[in-house]
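Consider the two complexes below, in which chain A is the common component and chain B and chain C are the respective partners.
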Partner chain A sequence: MNEPVIQIEGLHKTFRDFWLRPVAEAVRGIDLTVERGDVFGLLGPNGSGKSTTIKMLLGLLAATAGTIRLFGLSPRSRAARARIGYLPELSYLHPFLTARETICYYAGISSLGRREAKERTEELLSRVGLSGVADRAVGGFSKGMARRVALAAALVSRPELLILDEPTSGLDPIGTREVKDLIGALAKDGVTVLMTSHLLGDTEDVCTKIAILSRGRVAACGRTTDLLTRTQDARFTIEGLSEEEAKALADELSTRYGKPVAFDHPSVPLEKFFAEAVGAAHD
Partner chain B sequence: MRRFGVLVRSAALEALAEPLSAILFLVALLAVHLLPSFHFHQFGEAGRLPRECGFSALLVFGLVFATSAAVHAVGRELESGTAAMTLSRSVPRPLFFCAKVAGVFAALALFGLAVSCATLLSVASSEMGRLVTNGGVCVWGPGIAAGTGFTLLALAFAAIANWARRARFCVSACLLLAVAQPIALLSIAWLSKVPFEWGVVPAMGVLAVGCAVFVAMAGACAVRLKPAAVAAVLSVAVALSFLKPVRAVLPDIHRFWLVDAFTGGGAASAGDMLSAVAAGVLLIALWLVAGSALLMRREIS
Partner chain C sequence: MIESFLIAWRALLRGHVLTALLVLAGLAHAFLPFIVRSDGTDVGGREMFLRAVPGSVYSVLCVALLSCACGLLARERESNRLALAVVRPVSAFTVVLGKLLALVAVAAIVLAFNSALTCARGGWKGCVHVYEPVLEPPEIAARRAMEEMLKDTNTPQEVRSAPRHTLLTILTGREIDRYDTVPASHAIQWPFASEAANAATGLVARIRFSTQFNTRAEVSGAVTFGPWSSTVSNNTQSIIELPLLRTSSANAEGPLSPFVFSNKGTSSVMLRPRCDIQVLSPADSFAMNILRASCEMLFVIAFLCAFGLFLSSALSRPVAIFTALVMLLVSEMAPAVVAQYPDALDLSFTDRMGLALSRWITFATSAWSSPQPLSDLATGTCVEWKSLLRTFAVDALAGPLVFVSAAAFLVRRRATASHD
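What follows is the complex of A and B.
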């Protein structure tokens, strides 16, 4: 039961042309382990191999070398894929289906019974805030609305592993906050999340572990706090301290420890400020 | 089975949701219905021209409609990423491919049913007409009025459904156009005792099976080729099936074209129909296996 949800060892992927000549080496020996309950962020610049790795995890691309195990099974096994939910980088949806039909479609191919599919669809429509437009064709949706439909489709089968490729792409700040809260809630329920994002702030907010890919290799990997915390430095927050008092305290500490001491004033994250301002305007 | 059903339904809907589908349904049905009014020659037999027109409409428009739908259902889904969304779940690739093709078969069957009913009515209108000077025919009014009237009424209802309930216009139009044809036929049968040539329906079904072989072939080719390349391959295949069929992989279209059996009041023999259907089913199975095997090996990026 303690086996990793995802185990990747020595993974390579080389794309070849029609004549089987190598065109690009997208992944060059990746080793990764994702444990149950992790919210794992896969980061890296464009072309670093993130999406290729995800597609190999989903069994859509075949690895040139190396092994991938999902729940201890091959990524092509139906038993493994039945436990996965996937949100691609772009929300690929059938434009002629409505939001309700789209979620029902994914419920149907995930082998949910008719009644369960219907109940789950209504629950998810409400959860992603699309109940009011459930009967509109998704072809006419904005990018953010289509993203919500795709996210609902990824969640419809109650997956144990959720693979999210740029989950907040196209969403406004409030939608982004909702998705991040949703990821946090899913992680609390024991769902393992593997996500990629170019928005480092979002990744830092939600991911418990991260791996940074560069040119198809793992450049850094570990717990987010371990990688980002500088244990050799210390920072204090003292409420209700004036500028003069802060300066005096900094001088005193500097004299005492013989090291330079800097101080600043904490600021509210823009995302929180935005949500409060929009909320106040709505009220 | 539920997964298969869901995929078949979505493929059939996708086929009917294309504007081209509604246009082909309408043009084919109007051509079949209106042909008797353009009878300037009789060829010694009143129903022959509309009957051949019905078979031709099924072959030509059916082939264009169904093969383009198959290319969309398989090729476009693979290109657009919707196939990746589906195949990332526990959907086996052969099931995905076969369900997509089966969905297009369902849409083709609907088209075949509509054209068959229209042909029955058109043949009856022609046979009930009266000879005029120069050997031409003055068509039987009620038949042509019912055919074209119900067809146009179906379009009007599709527009109303789109306006009032935001129903998908092209899907509604195709479904209502197909439903309108048997209604027109039954109305005429009820109003006047017209002798319909019912044997035409199974013969057109055999032709639809011939078209279905090309649908399966188009789907299999679309797994690896771009739409333009599939169109080129299919054009050659259709030409070959008329001229010099390679029977191991292509249908001999002459076996499926049974309209000549009806000349002079005859009918297609059950043996001919069964052997053609058996050959068609074998070829369909062959192309389904080929398409599934190609999809199993295809990388979906």
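What follows is the complex of A and C.
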């Protein structure tokens, strides 16, 4: 069955005050479809309606108009909620609970049995690299560690749809890399991911599809590669070419095609360089 | 539900709420007996101890747990943790119910500790069943009297034009305080449940005598109640507890048995049947009574906590705590205001409004504020199983069910504290 995981049609949300007068029109007619296995990025500036859309997807807000279907079900239905994992923008953890208790708590309210919850908790603690501090209260954790706990809590029920609101916020570059790798691994396992982020580089790295929201409307939507690739231009990378040889080649190509040819030297992404440098220092 | 219970339990435990309440209970038992003074008698000392020490622990427990209940959901909603819970496949009802059970568990532990310390003090007497005459409810007698009064052409116009409920309140009060006069060498009888007359041992008649002029005149007479009887000779006490002797082996038949008082003195005796005559029969031990009283207190606390959670689901934390405490105070004071001012005829408009509000609050809270476990415990009256079951049904089941359902509805609607 090839039913979309998320189907949004004509979605509107107007916030009203106590007297039911409209205060803000946060979402003004969004249509989106997210297929199984997609890593879908929801982008947009502040106030563009991303968080409101996510809250409506989670059933925390009711739409003013339009429909949302998750796995063909209402977002408020228990069956739909059982298939979702959610990581909010801030971790919102209970400060008096330990990391282990926190994940166990979310496993419990996600209808996992006692034994399964315990096993899954240990597995996730190891996966997010917190096994060593599993019995420390999360109130004393750094933002990045708290983020990892929240991520583990979102994954605890083995969700088919993972909704991540700023998943890398507060994480160091290595943590960011690990989260991005984790998202990639989850997508390979067939998990659908919907994420928002202000870090466009991260989004570009992991998202197979993106939608850009602006003032409550979809400004652009499609496959990341389709949207970002300039098919009318071409770029070559030739290993071991000196500056003089590159200049000569550029002149030759320019003469042959009668078009300006530019060249530069590829650089390593800072994130990769940082990880290598820190790894070398640890060794 | 167990996860919601555990998380609230850990919050109360790691927030040192339980420890603080246990320490407070211990301190109350250690120091309050030296501070409060009784009338010097054993009975008075016991009564004062029970009202002051377990009573203050109970009061602190009510206020503390009501405040905690008001904070639990509001804090989670305001920090968006509630939203994280309700997006899971769990019903909001079980989330709220789990929190209520954690609060009730804390209350149960503190009340058990309180009861154990009270019992450990020693020197307690068993409790008694208290029977009163089986009479027509005073409201019905008052309504009949009002109808007669309104039919009477001599009734003044200002009484005729007074609101019916005001007349009814005044006449009900009069009916409760109505005196039956027993002239010298005459007898009077009131019906009691035969269950009291058929008790195996140790029946006691508690009678408050009054004469037309004072309450300490000499009274002589005889009392018979089914197979039991006794005599009163030249008694000048206002209230006497008269041990009855079994003079016949035959049990009383039928549902009611007459309690007969024969006045053998020289002057008339006045008795209020609804206030002045009681038959006491031994019930069971103090330990069992304090257990039942503690259960009643627990049920009332369950109700209060459910109410606090309901407020907490709709209001911010400080507003919920303030509202809950004001409502608790008002609901405790309203019956006293109503009792103090049964007659609204001479009051100004604003006073009438205040009285009407007090009456409404008294009416609205009468279903759940009726148990008096501390008062019963202090006076040695048995906390009856019937009363316990009623309190359980109303305060621990029906009330919390309504409040938890309403809170769950609001939790789902208001899980997010802010929008985009």
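Operating definition for what follows: the second predicted complex is superposed on the first by the 283 of 283 C-alpha atoms of A that agree within 3 Å, B and C clash if a C-alpha of one lies under 4 Å from a C-alpha of the other, contacts with A are read in each partner's own complex, and residues count from 1 in each chain.
Here is the rule we go by: a contact is a pair of C-beta atoms (placed from the backbone, for glycine too) under 8 Å apart; a residue touches a chain by one contact, two chains touch by 3 or more.
Quantities reported herein were computed from a predicted structural model and do not represent experimental measurements.
Partners chain B and chain C, brought together by superposition on chain A, clash. After overlaying the two complexes on the shared chain, residue contacts for A:96 are found with chain B and with chain C alike. By the touch criterion defined above, A:135 reaches chain B but does not reach chain C. In the superposition on chain A, contact of A:55 is made with both chain B and chain C.
Once the two complexes are laid over each other on the shared chain, residue contacts for A:86 go to chain B and to chain C alike. Within the superposed three-chain model, A:40 lies out of touch with both chain B and chain C [touch as defined at top]. Once the two complexes are overlaid on the shared chain, A:108 sits against chain B and chain C alike.
In the overlay built on the shared chain, the residue A:78 is in contact with chain B and with chain C.
Contacts of chain A with chain B, set against its contacts with chain C after fitting on chain A, overlap at residues 52, 55, 58-61, 78-79, 81-82, 84, 86, 88, 90, 92-94, 96-97, 105-106, 108-111, 153, 157. The touching residues of chain A, counted against chain B in their complex, run 52, 55, 58-62, 78-79, 81-82, 84, 86, 88, 90, 92-94, 96-97, 105-106, 108-111, 113, 135-137, 150, 153, 157.
The touching residues of chain B, when paired with chain A in their complex, are 2-3, 5-7, 10, 13-14, 17, 80-82, 84-92, 166, 168, 171, 299-301. By the touch criterion stated above, chain A contacts chain C in their complex at residues 15, 24, 26, 47, 49-52, 55, 58-61, 78-79, 81-82, 84, 86, 88, 90, 92-94, 96-97, 101, 105-106, 108-111, 153, 157.
Across the complex, chain C meets chain A through its residues 2-4, 6-7, 10-11, 14-15, 79-81, 83-91, 95, 415-416, 419-420.
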